[in-house]
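What follows is one structure encoded as structure tokens, with my remarks underneath.
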Amino acid sequence: MMKMSEGRRKLGIVFASGASNRVCCLIIYGAAALAMGYEVKVHLVNEGLVAFRKDVLPKLSTGDAALTAFPEYFRPYVDIYLRNLEEAVRSGKIKDWYSWLKELKETYRDSFKIYACSVASQFYEVKKEDLADVVDDIKGAAAFLDEVYGGPILYIG
Amino acid sequence: MMKMSEGRRKLGIVFASGASNRVCCLIIYGAAALAMGYEVKVHLVNEGLVAFRKDVLPKLSTGDAALTAFPEYFRPYVDIYLRNLEEAVRSGKIKDWYSWLKELKETYRDSFKIYACSVASQFYEVKKEDLADVVDDIKGAAAFLDEVYGGPILYIG
Amino acid sequence: MMKMSEGRRKLGIVFASGASNRVCCLIIYGAAALAMGYEVKVHLVNEGLVAFRKDVLPKLSTGDAALTAFPEYFRPYVDIYLRNLEEAVRSGKIKDWYSWLKELKETYRDSFKIYACSVASQFYEVKKEDLADVVDDIKGAAAFLDEVYGGPILYIG
């Protein structure tokens, strides 16, 4: 078996949440790891898979509160986050999530893969052609776990 | 200290969520890892512990929306998931979660353990006898972390 | 590259949730790992960052349901948790989360660090001086990932 210490560092990310106040973590941790030379593989499951539909992903860069989830107490803070996110995207301070992912894929190519879970695709009735073009492939849990073994996995739930 | 590269691969799963649109991840990733020869250990905490009560676990294979959580936008997609899950179980296409877990435990025996967190058991007032028989034992966080060290941990929150 | 098997064991914790029925995991797993000699590093993001504001952290040790999140079905169980948590803190059976964190930091010093994510700090408008004194520093995702590489990461979402 390959030693965990051999070869390149890895980061696995399972995106289950689909929330616009969680997709930021996928991108911030993913971009940071890629910049440090890691291989980064994302597995889209549950609402996280739906969030990568062509018609949904753009909404995650907007201030639409229907795409967030949080304990009620935090509402005013999530409102601040959404306002700042929307303003930062509008002013060009940061790219919208889709464009940022697209750029990461162009820069890091095979080091950055985004897979749709095959079981989730069936149960949520999401087909490859429904998904944004940043999604590379449909893959099962075994393939994903195997590709990222040796590094930590962030399950963004 | 044992090298992470030595011995069998490991997967730790913390199940905190208890949602029927998250328990699928416990089983899909768990089953995939077991089939690849990993040791898989699950730690049940918070609502994830309650979900493994004898009287609750069967409900997670039904279309009952009270057991789901998601940003409001995803409601129609979660409805599709629940309908497909219920139909797949009814038609025998997949086993209900309890039966699937039971089968995994019979097949993989000591390679697949499910523990209830001792602190969660106290604070949620869940006793060993309240839990489905797929739960092996009550164990603390230290024992769980130690058993899975060397592999990634999916915190399903 | 340092072998994952060399040096001390590590645990990374990303606290994204901010819920009072999740912060327990940060502390229970963190304390267990520290007692076993691990290095533990926490990265505060999203509502998890807000939860560590001076004016919010004390509320996470109370029975205030506005700080919880769960599928509706679990409400009576979360009520039991909150009642037991509040009672345990009041009776001195356990410390409130802030005091427990403070004690862990005094005991384990450099082995236990809590960082606020720099991007989250900007988007949620949380400044260092707004945060409880158990937060050591503001750090980016790259620094956090690098410090914990070799151990698992619990993404408490």
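Labels A, B and C are assigned to the chains in the order they are written; within every chain, residues are numbered from 1.
Just so we're on the same page, contacts are C-beta pairs under 8 Å (C-beta built on N, C-alpha and C of every residue); 3 or more make two chains touch, one makes a residue touch a chain.
None of these values were measured; they are calculated from a predicted model.
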Worksheet item: Line, ring, star, complete or other: which one describes how these chains touch?
Response: complete
Worksheet entry | Interface sides of subunit A and subunit C: same vs different residues, half threshold | different
Worksheet item: At what distance in angstrom does the C-alpha mean of subunit C lie from that of subunit A?
Response: 23
Fill in: Multi-partner residues of subunit A (each touching 2 or more other chains)
3-5, 17, 69, 151-153, 155, 157
Worksheet, complete the sentence: Per the touch rule, the subunit C residues reaching subunit A in their complex are 1-6, 12, 14, 16-20, 45-47, 50, 56, 59, 64, 66-69, 117, 119, 122-125, 140-142, 145-146, 148-153, 155, 157
Discussion item. Please output the residues of subunit B touching subunit A within their complex, sorted ascending.
Written reply: 3-5, 9, 11, 17, 21-22, 24-25, 28-29, 31-33, 35-36, 38, 69-74, 77-78, 80-81, 84-85, 88, 150-157
